[in-house]
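What follows is chain A paired twice: with chain B in the first complex and chain C in the second.
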Partner chain A sequence: MTAENPATTSNNPIRSWLKDIFLDWDRTQMVICFLLVLFLALTPLFISSTYYLGIIILATIYAFIGISWNIVAGFTGQLLIAHIIFLAIGAYTTIVLFNTYSISPWVGILIAGVVSGLCGVVVAFITLRYGLKVDYFALFTIALMVALRTLFLKWDYVGGAVGMWFSLTDPSFDKMIFANKAPYLYIALSLVVIGLLVQYRIYRSKMGKYFLAIREDDDAASALGVNTSRYKMLAVVIGAAMAGIGGGFYMMYVTFIEPPQVFNLGLNIEIVMAGPIIGGLGSLAGPIVGALLNKPFAEIMRGALAEGRSGNSLIVYGSFLILTIMFMPRGVTGVLHTIYRRILNRLNPRNLGDS
Partner chain B sequence: MSPEIFFQIIVNGLFTGGIYSLVAVGLTLIYGVMIIVNFAHGEFLMLGIYVAFWAWTLADMDPYIVIPFAFAMIFGLGALVQRGLVQRVLDAHPLNQIILLVGVSILLIGLVQFFFSAEPKAIHVPYETAVISAFGLRFAIARLVAFFASMAISFCLYLFLHYTRTGKAIRAVSQSRDAARLMGINVNFIYYLTFGIGAAITAVAGVLLAPNHRMIPTMGQGYSVIAFVVVVLGTMGNFIGAFLGGLIIGVVEAFAGFYLGGDVKIIASMMIFILILLFRPAGLFGRKRT
Partner chain C sequence: MALLEVSGITKRFGGLVAVNDLDLSLDKGQILGLIGPNGAGKTTAFNMISGFYQPDEGQVIFDGQDITGLRPDQVCKLGVTRTFQVVKPFPQLTVRDNVMVGAYNRTNDRKESRKKAEKIIEFLGMKDMREMAAGSLSVAYRKRLEVAKALATDPKIILLDEAMAGLRPTETDEMIELVREISRQGTALLLVEHVMRVIMSLAERIVVIHHGEKIAEGEPQQIVQDKSVIDAYLGEVEIDVTG
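Here is the complex of A and B:
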């Protein structure tokens, strides 16, 4: 942090490059994100326990799903509470393609993204066509989730109440089955990197500004000539497609899926909502910071309080959500932002302007 | 379909619908006064039924004796949730309110699961499966009592809201928070009271279910969703609408259950919900939203 002291203006290219990055909060957040990704990428070197590695892989998947939700709920402020619908659809698409049509998960996951994206189009079209706002939108998505759960329970093509799974045969790259956990981690991390870049591109683009305008004031944005329906739909579709891809990979990692497990508000909170909210909804680093905090912490608590009792992780997630909303509504990233501004301020008060 | 079966389905639907009405009245009361959707609503029903279970295992108390205690306990809890948590996000972004209440809901489920385990539990009372036959129809006693108790409680609450000073104050706050405050009403107190009452009558609905209903910690979520359906059907914040909506949904579910089978009946409510949200978001008793 000392190298970017703006008081010493020089033509040193490295110094000006660092200033470019660290004087901009968005870029600083991206640096934080990539440091976290780097840290995760190195974990297999010093963690050999498959249990802990498993937690890290799940946290990484959660980070990616969290990014997808952050684009919808964080950027455009749409209360797509039951985002897990799209994850479930992606997971089911992948496993049906894999089991029934022997299509490699590598392709299947991409198709899952397309299918989920199309479902996103349908959901967005219905809700926008009838102008459902705020609470009603949230209720609609929950109702949809409950209806889909019952539908999937009765639908034999996707396994009905029995669920779907695949047997872990010999490790095979084509089938995305690996002998140890590290490859799963690297696939998940690649997804997170792509997710972070997509999120950043959107955030910095004109479209991203429209998204934020819609979040702040829907009607005002519309009055200023933003085609709000179009951008709301775009956000839902992007988020849904990413969640579908994430869901496909989640399926390949957990190997088993059944309707009550995925069309479930509890899992929805664990996978989709807790990360971005704790990390800071609407911020760039929020989803990954939050996912890396909440999943491991919930696991530790589960271990610490176990004694054969269940419900610990629910208590942890519930308290996390409540405490975050009560004491740091902008999440961990919000706190980091305050610290960041203080540091900048100490270095040079004039730089406070735009960050 | 013979007339006996037809009327039997209607009776069964009304019995279920009575409970739905009570739960929905609680939800609509909270929404009407504070304009927040209580995403933790079903959990208060779940707490009610577990209070009954607790009293039964601890002191072999009959669920019907537990009603006043459950009412008092959950009233206190509801007022506390309002005072400690919801009060502070009343003016925040709706997303924050919803996340907070989802957090409360998850926490309550977690706590109940922690203390009572996730295994299904049931209370056993002598009249568990007792049935009265009349007019060629069969009435399960526990459900009959639950139905009439729900009706009575809703009716008392209606009288309370319309004919007491406190009740009128609650309605005044729901019409205009600021005007009520200017008239000298302690708005915050009304908020605690409203959330407490809304939670407590929902808990009573849970106790009424206790004699012949299995319980699991996550059962509240289903009732939350049903209550949303009912409240949207009967117009958000409308007392009579929620009451009638509950009965309507109960009967619709009973017919759907008869024709489509028990599990699929929820699809019928969901379809009604989705259709209403799409075509008449103001509900049956509301004016068109602008």
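Here is the complex of A and C:
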């Protein structure tokens, strides 16, 4: 670790600063993340096609949603499969507040985060109260998603089967409606930056260590003084609240929502799970790296295989996911980590195996 | 009054009485051995004291406070930490992070917990391994890590569940020295152990249980001459020979 490394005490401040960052894998990952954010922020300069910009905006939203799931599934290891529930609730909260009560989406999205977070409390309470773990936890969330789809289909207050939408004809900052795509990208990127910082803070803190300990061994963690129920709930609530905020913004970007579209396992895989799994579940850079590979790949396949039978692109996309999991079980970040350690060992064998 | 006062704890699993009306008492800084043939109920007793099982009857009093039925993390917060017979490292975390999880029991500060973890890792002679993933350690060091994690929680009592089973003789000797040093620093220990050499050289008092019931209690020298103890153990040997 850097603190014990005599070389870092060299009198060159820039060198020691660089060592502080690059001898620490967590910080190195953050550098990768922010380089990606920077790249995304610059894309409007050289991409003018609204189609491609649209893909990039969605990928950015997916990165944020991926971070929210990573905190639950990646850090604490809870198999919250149908995480999209919280995105859907956030999206519905935002649009109901906007359409029915004329509340600005800027406020609505924050309220969406609170509402989704509270739903997270309920989900966590039920699963903890009845000791639902691993596969049972996963099944419970899927069942809940199906139940909510039916409920929302019958519920006129949220538009029922017709769904809800708003018109883009009157762009204004207050209503979070913009005439071109760039503002959407920058809002999404701000969310991602906040998400990355929150994730990093959690990861490096006591809470983060406790989350990982719970993932690795529940009983061992509680023997060391970890209130596992409390921390499991905390993770679900944080993840749910973030997904709610992301869902609110997703609503404002896609402009239309109906129950079968959002209470849907297919979209759940695309929007929530694929990114972190491709990128490396439980790692800091995983969600954003994965989202940037996942969404564009899915779109390119959809475009390239549009002719012929519909569904061809899904076969290719599914195979891509399976191959990724087979050959990179720890995701792209896992591969990067291996390379990183090799480089570090070659430079200085004494730094062997930093976390 | 004793630091840990266990009175009449009983645990039944269906028709099986795993532990029946067991009394234990442990003073500050003392080492108490808990022995008995396989399936005698030693680990079940541990699980009840540390909060993993609720006793069906009886009480566990720690430091004058009734801790019966508290959760494991609450028991740990108060100062009773257990290790596991089947070691439970956090395999993907580094050795240091493993110990830090324990150290966070008494602090919220990252630096402080890290400093404490480093100190304990050094005490256990694992300094060179602190960046290694716990899952890649050898059995001997996994056992040591188990002790390190427990120690990091700043306990008044450590419940060691067969911390030396499966170790080579030299490794066992090193572990005995470590336990002795921990005890010297004022931490009381309750040892469950199969290796008689360990118990005999460490424990000040020994409690023998058989079929969930206490059959003898006393100093090590008394215990090895106790008829009921010899019967319990020799009975087992006899079956081994004929079977």
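Throughout what follows, the second predicted complex is superposed on the first by the 339 of 355 C-alpha atoms of A that agree within 3 Å, B and C clash if a C-alpha of one lies under 4 Å from a C-alpha of the other, contacts with A are read in each partner's own complex, and residues count from 1 in each chain.
To be clear about the criterion, a contact is a pair of C-beta atoms (placed from the backbone, for glycine too) under 8 Å apart; a residue touches a chain by one contact, two chains touch by 3 or more.
Here the structure is a predicted model, which is why all the values come from computation and not from measurement.
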| item | value |
| --- | --- |
| Touched partner set for A:I277, first chain B, second chain C, both or neither | first |
| Partner chain(s) touched by A:V226 [first = chain B, second = chain C, both, neither] | second |
| Chain touching more of chain A, residue-wise (chain B, chain C) | B |
| Which of chain B and chain C A:L132 touches, first, second, both or neither | first |
| Which superposed partner A:F249 touches (first chain B, second chain C, both, neither) | neither |
| Which superposed partner A:G266 touches (first chain B, second chain C, both, neither) | first |
| Which of chain B and chain C A:K209 touches, first, second, both or neither | second |
| Which of chain B and chain C A:T150 touches, first, second, both or neither | first |
| First (chain B), second (chain C), both or neither touched by A:I315 | first |
| Interfacial residue positions of chain A with respect to chain C in the complex | 1, 204-206, 209-210, 212-213, 216-217, 219-228, 352-355 |
| Partner chain A, residues of chain C touching it in the complex | 50, 52, 71-74, 76-77, 81-84, 88-94, 96-97, 100-102, 104-105, 108, 110, 113, 131-133, 149-150, 152-153 |
| Residue ranges of chain B in contact with chain A within the complex | 37, 85, 88-89, 92-96, 98-100, 102-114, 117-118, 217-218, 221-222, 225, 228-229, 232, 263-264, 266-267, 270-271, 273-274, 277-279, 281 |
| Complex interface listing, chain A residues touching chain B | 73, 77, 79, 81, 126, 129-130, 132, 134-136, 138-140, 142-144, 146-147, 150-151, 153-154, 265-266, 269, 273, 277, 281, 309-322, 324-326, 329 |
